[in-house]
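Structures for review follow.
Across the two complexes that follow, chain A remains constant while its partner is chain B and subsequently chain C.
Moving on, here comes the complex of A and B:
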C-alpha cells in the first residue's frame, strides 16, 4: 500500500514542479513587484508599499480600460449565449445536412483570433461601409472602428462572430443529453413549443448554461488579440482592454511594477466575478 | 443521433442562411488573396478577373512562411505530446486518491489557476524565461504545457473517475506496478479523452499570439501568428498579399479540420460533457 502511494506521489512531480516554477512562482513575483517601483529594466528599485494601488484608483486610463472591458464583456457574453443557444436548438432539430452545418458553425473556433481580427478589420474599413452607404446612414457609411463612440460595438461584433462557435457546440452537447421521451410526454399533454422550451429544455441544460456564461465572460474579460488586430486600443483609448493596457504599459511604457499592481486587481476582479456567476447560476440550477 | 420525425424545412432554411454570416468573411478573404490591385478597386465583392496565384508565392517569400510554419508545427506537436504525458499522469494520481488530503489539495491548486488571468504572470515570466535562457521554442512548449494544465486536469480527472477500478485491481493482483498499470491499462483506456485534450491543446497552441509575442524576440523563431503581426505592420496597404499570408497561416488547420471535422467536433463535445 505504501509503495503504491509512493508511485502516485512520483507521478505528480513533473506537473507540480513545472506548474510551481512557471505559474505560481511568477504569479507571486508579480504580487511582490506590485509593491515596488521597478520600471522593468533597471537594476534598482524600492519597496513602496501600496502606492501603486493608490495611484491606480486615480488613473483615468485604468478606469477607462475597466469601463470598456466590462461593457464589451457583458454585451459579448449575452449575445454569444443567446445566438449560440438559438443555433444549437436549430442544429438539434430535424434538419437536412445536419453534420455539414455543425461543421460550418464550428469553423470559426479553429481560426486564429488575430487573423480573424485582421480580416474583419478590412471588412469594417472597405466592405461594410458600402452597405452602410446604401442604407443611407452616415455612421454606417464610415469605418465603425474609427468612431470613438461605436468602435466597441465593432469589436463586440467580431468577438461574438467567433465566440458563438464554441458555445454552440457546448449547448448542442447539452441538448443531446435530454432524453427524447420527455418531449413525447409533453406533446401528449398538449404543451406549446414555448412552454416546452422554458419548462423542459432550458432547465435540463442549466449546467451548460452556467459553463457557457462563465467561459464567455472570462474569455471576454481577457480580450487581447482581437484588440491588437482590430483597433490597437483606439481611437484614442476607446477600445483599450485591461490586458492591452497591462501589456503596453508594462512592456513599452516602463510601468512594470505599476501594471503588476493592475494585474493583481484584475485577478481579484475576475476571480470574484467567476465565483459570483457560478454561485448565482448554480443556485438557479438546483431550483429548477 | 436519429432524426426525429420529418425534416423541419423552416429551421433548415434559417440555419442555412445563418452559415452565410460565417462563410462571407472567408469568401472575401479567399477572393481578395487571389486578386490583383486593379481588381481590388473595381470589384469589391466579385471573383477575381485574373487569378493571381503569385500573391501566395510572394507572401511565402516575404513572410518566410515555411520557417514560421515549421516553428508553429514544432511547438504545437511538442506541446501536445508533453501535455498528454504529464497532464494525464498527474490527473490519474489525483483521480485515484481524491479521498487523500494531499491529492485533493493539489486538484484545487491546479483548478484555481483557471481564474488567474495571464497578465499577472506575463511580466515576471518574461524576466524568468530570459534569465533561464528559455526564450526559444522549447521554452514556448513548456509554457504552453503548463498553462493548459488547469483546464486539462479538470477534464482528465472527471474522465478517469468514470473508469471503473476493477481492471486496475485485477492487474495489481497479477503483480503489475502502479506505473505498469497506468501505461498498459489506464492510458490506452483514456484514448477518447486524450484525443479531446490533444485537439484542444493543438488548436490553442497553434493559434496563440500573446505568449510568443512576449517570449520570442529572435526572428528565426517566430510562429505563424507572430509573423502575421509583423507582416501586417510593414505591409498594411497591400491587402491581397496580406490576405494570401493570412490564408497560408490558417490553411494547415483548415485542411486538418476538413478531413477530421467530425472527429474534432465529437472530441470537443465529449470533453465538454465530462
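Moving on, here comes the complex of A and C:
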C-alpha cells in the first residue's frame, strides 16, 4: 500500500517541477522586476521601490484599460451565459438532428481566436456595412470597429459568438446529470414548464452555472488575442484591454518593469474577483 | 510499481534537459558551416531577401544565412532580446525601438568600419540623430519616402496639375470631390496610418529640432503643433464615407482599382498596389505642407538598416553578409523590387512612379519622419487616431505633452 502511494507521489512531481519552472518562477521574476526600472534588456537596472506602482495609479491609460476591460467582461459574461443556457436547453430537448446541431454550436470553439478575429475583421469592414446601409442606419453603414463609441460592442459581439460554444457544452453536460424521474414527478404534480425550469433545472445545474460564470468572467478579463485581431486596441485606446496594454507597453514601449507592476496588480484583481465570485455563487448552490 | 515511478522521473529529467539545452540555441552544427540568422521586419521584403540570401549562400559555401521574418517583428525582436536570444543580423527601420536597443548596447558599434564607406552620410546622421548616440550602430540600407500618391489617369481626366502648395492641394481635392470622385482614400482603421500626415506636416512646419528641445523640456507640442493639427483635420473633409473603417490592406486594394484620386502613403505601398493592378498609372509627389514650394522637403527615412548584434558569435561572417547586401548590384535588385531608395551612393531608383521625387534626393532636400523621434511608449498612433475622431485640437496637443512627460518621468527614474 505504502509502495503504491509512493508511485503516485512520483507521478505528481514532474507536473510540479514543470509548473514551477515555467509558471511560478517567471511569475515571481515578474514581481521582482516590478520593483526595478529594467526596460527588458540590457544589463543595467536599479531598484526603485514602489515608484512603478505610484506611476500606475496616475496613468490615465491604465484606468482607461481597466474601464474597458470590466465593461467588456461584464457584458460578455452575462450574454455568454444567458445565450448558452438557452441553447443548451434547446439541444437537450428531444429535437431532430440533435447531434448535428450540437456539432454546429461547438464549431466556434475549435477555431482559433485569431482566425475568428481576422475573419470578423474582414466582415465588419466589408460585409456588415453593406447590410447596415440597406437598413438605412448611418452608424451601421460604417465599420463599427472603427467607431470610438461603438467599437467595444463589436468586440463583445465576436467574444460572445465564440464564447457561447464552450459554455453551451458545459451546460449541456450539466443538464444531462439531472435524473428524468424528477421531471416525471413534477409533471404529475402539474408544474408548468416555467416552474420546472426555476424550481428544478436551474437549481440542479447550479454548480455548472458557478463554474461557467467564473470561467467566462476570467476569460473576458484576460481578453487579448481577440483585441489584437479585431482592433489592436483602437480606435485610439477605445478597446485597449489590460493585457493588451501590458503587452504593447511592456514590449513595444520598452517599459518592461513598469508593465510588470501593472500585471502584478492585474493578477491580484483577477484572483480577487474569481474568489468573490466562487464564494458568492457557491453559497447560492448550498441554499438550494 | 517503484520501477515505473523511477522511469517516469528519468524520462522527465531527460525531457527537461532537452528543452533547456535547445532553448540555449547553440550555433554549432554538424555540417561544418557557420550559421547566421538574419532577422528583418518587413513582410513586403521577404521574397527579395530570400533571393539575395540564396545567392549569398551559393557564393559562400562555408556560411549559411537564414532569413527570419515573423509577423509583428519588432515586438518579437524585443521579446527575443529579453530572453537573450538575439539574431546575428537585424534589419529594421531607424525607429524608437532601434534607438532603445542601441542605447541598451545590443548592437555592435560600426563607427569607422569600411561597411559605411559608400553610404550617404545624410542617412548615417539620421541614425545617430534617432539614437542620440555618437556610435553608429547600424548601416543604413534602404530608404523610403512618405508623400501623396496620385492616380495619373484621374488627374488627366479632370485636367489637374500636381499641387505644389498647401492651397493648391486643397483646391485639387475640392475639384476631385466636385467631380464625384473620392479625393483621398483614408485607411484610419489601422492606427499607424493616421500618423502619415503628422509625419509629413510636422518636420516641414515645425522641424525635427523640435524633438531635441522637447527632450530637454524646453518646449511643448502645444506651442508649435497647432498648425499641424489644423491641417490634419482639414484633410478629413476630403475622405470617403468610412474613413475609420478601412485598413491599409483595404486602401491598397481600393486605390489600385482607381476608386480615389490621391492616397497619402509611403513608397512601401507601391509593390502592394501593383500586385492588385499592375497597369495602375501611379505618380508620387511630396506632401505640400506650406505655401512656399521651395520650402517643401520630402519626408524620407531609413526604412531598413542592418545592425550586427554584440552577442553574435560570428561577427566577421555577419559583416560579410552585410557587405554583400551593400554591393551595388544586390542593393540595386532590392530597391527595384521594393520601389525603395538606396542609402548607398550612386545606386539610383529609376521607377517612373517615383520619378518626381528624384530631384529632392539629388539636392538632399529630405528630412526624417517625425515619429522616429517620439518614444514608442507615448503611443503617438493611438493618440492621433483618437484626435481625428474627436476633432479636438487642444485635447490632441495636451495629450501629446502629458503622455510625453509621463514617459519621460518613468524613464528618468532609470
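Here is the rule we go by: the second predicted complex is superposed on the first by the 278 of 288 C-alpha atoms of A that agree within 3 Å, B and C clash if a C-alpha of one lies under 4 Å from a C-alpha of the other, contacts with A are read in each partner's own complex, and residues count from 1 in each chain.
Convention: a contact is a pair of C-beta atoms (placed from the backbone, for glycine too) under 8 Å apart; a residue touches a chain by one contact, two chains touch by 3 or more.
Fair warning: this is a prediction, and the values are worked out from it, not measured in the lab.
Undergrad: Once the shared chain is lined up, is A:142 touching chain B (first), chain C (second), both, or neither of them?
TA: Second partner only.
Undergrad: Please tell me which partner, chain B or chain C, touches more residues of chain A.
TA: B
Undergrad: Looking at the overlay, what does A:163 touch: chain B (first), chain C (second), both, or neither?
TA: neither
Undergrad: Tell me the contact category for A:51 with respect to chain B and chain C: first, second, both or neither.
TA: A:51: touches chain C, not chain B.
Undergrad: Quick check for you: in the superposed arrangement, does A:154 touch first (chain B), second (chain C), both or neither?
TA: neither
Undergrad: What is the contact status of A:258 with respect to chain B (first) and chain C (second): first, second, both, or neither?
TA: Only chain C is touched by A:258; chain B is not.
Undergrad: Determine, under the contact definition given at the top, whether A:126 touches first (chain B), second (chain C), both, or neither.
TA: Both chain B and chain C are touched by A:126.
Undergrad: Tell me which partner A:40 touches in the superposition: chain B (first), chain C (second), both or neither.
TA: Both partners.
Undergrad: Would you sort A:114 into first (chain B), second (chain C), both or neither based on which partner it touches?
TA: Once the two structures are laid over each other on A, A:114 reaches chain B alone.
Undergrad: Using the superposition on A, tell me which residues of chain A are in contact with chain B and, in the other complex, with chain C.
TA: Common to the two interfaces on chain A: residues 3-4, 7, 9, 11, 14, 18, 40, 126, 247, 251, 256.
Undergrad: Write out the stretch or stretches of chain B touching chain A in their complex.
TA: Within the complex, chain B touches chain A at residues 1, 3-8, 11-12, 14-16, 18-19, 21-23, 25-26, 28-29, 32, 44-45, 86-87, 89-90, 92-94, 96-97, 102-103, 106, 110, 113, 115-128, 142-143, 145-147, 149, 153, 177-179, 182, 203, 206-207, 209-210, 214, 224-225, 228-229, 232, 239, 242-243, 246, 249-250, 253-254, 257, 261-262, 264-265, 268-270, 272-273.
Undergrad: Would you mind writing out the residues of chain C in touch with chain A in their complex?
TA: 1-2, 4-6, 8-9, 12, 16, 74-75, 78-79, 81-82, 97, 100-101, 103-106, 188-191, 241-247, 250, 375-377, 379, 382-383, 385-387, 389-390, 406-407, 409-410, 413-414
Undergrad: Okay, in this complex, where on chain A does chain C touch?
TA: The touching residues are 3-4, 6-7, 9-11, 13-14, 17-18, 21, 37, 39-43, 45-46, 48, 51-52, 55, 58-59, 61, 121, 124-126, 129, 141-143, 145-148, 232-238, 240, 247-249, 251-256, 258.
Undergrad: Looking at the complex, which residues from chain A come into contact with chain B?
TA: Residue list for chain A touching chain B: 3-5, 7-9, 11-12, 14-16, 18-19, 22-23, 25-27, 29-31, 33, 40, 87, 90-91, 93-99, 101-116, 118-120, 122-123, 126-127, 130, 161, 166, 169-170, 172-173, 176-177, 180, 208, 211, 218, 221-222, 224-225, 228-229, 242-243, 246-247, 250-251, 256, 259-260, 262-264, 266-267, 270-271, 274.
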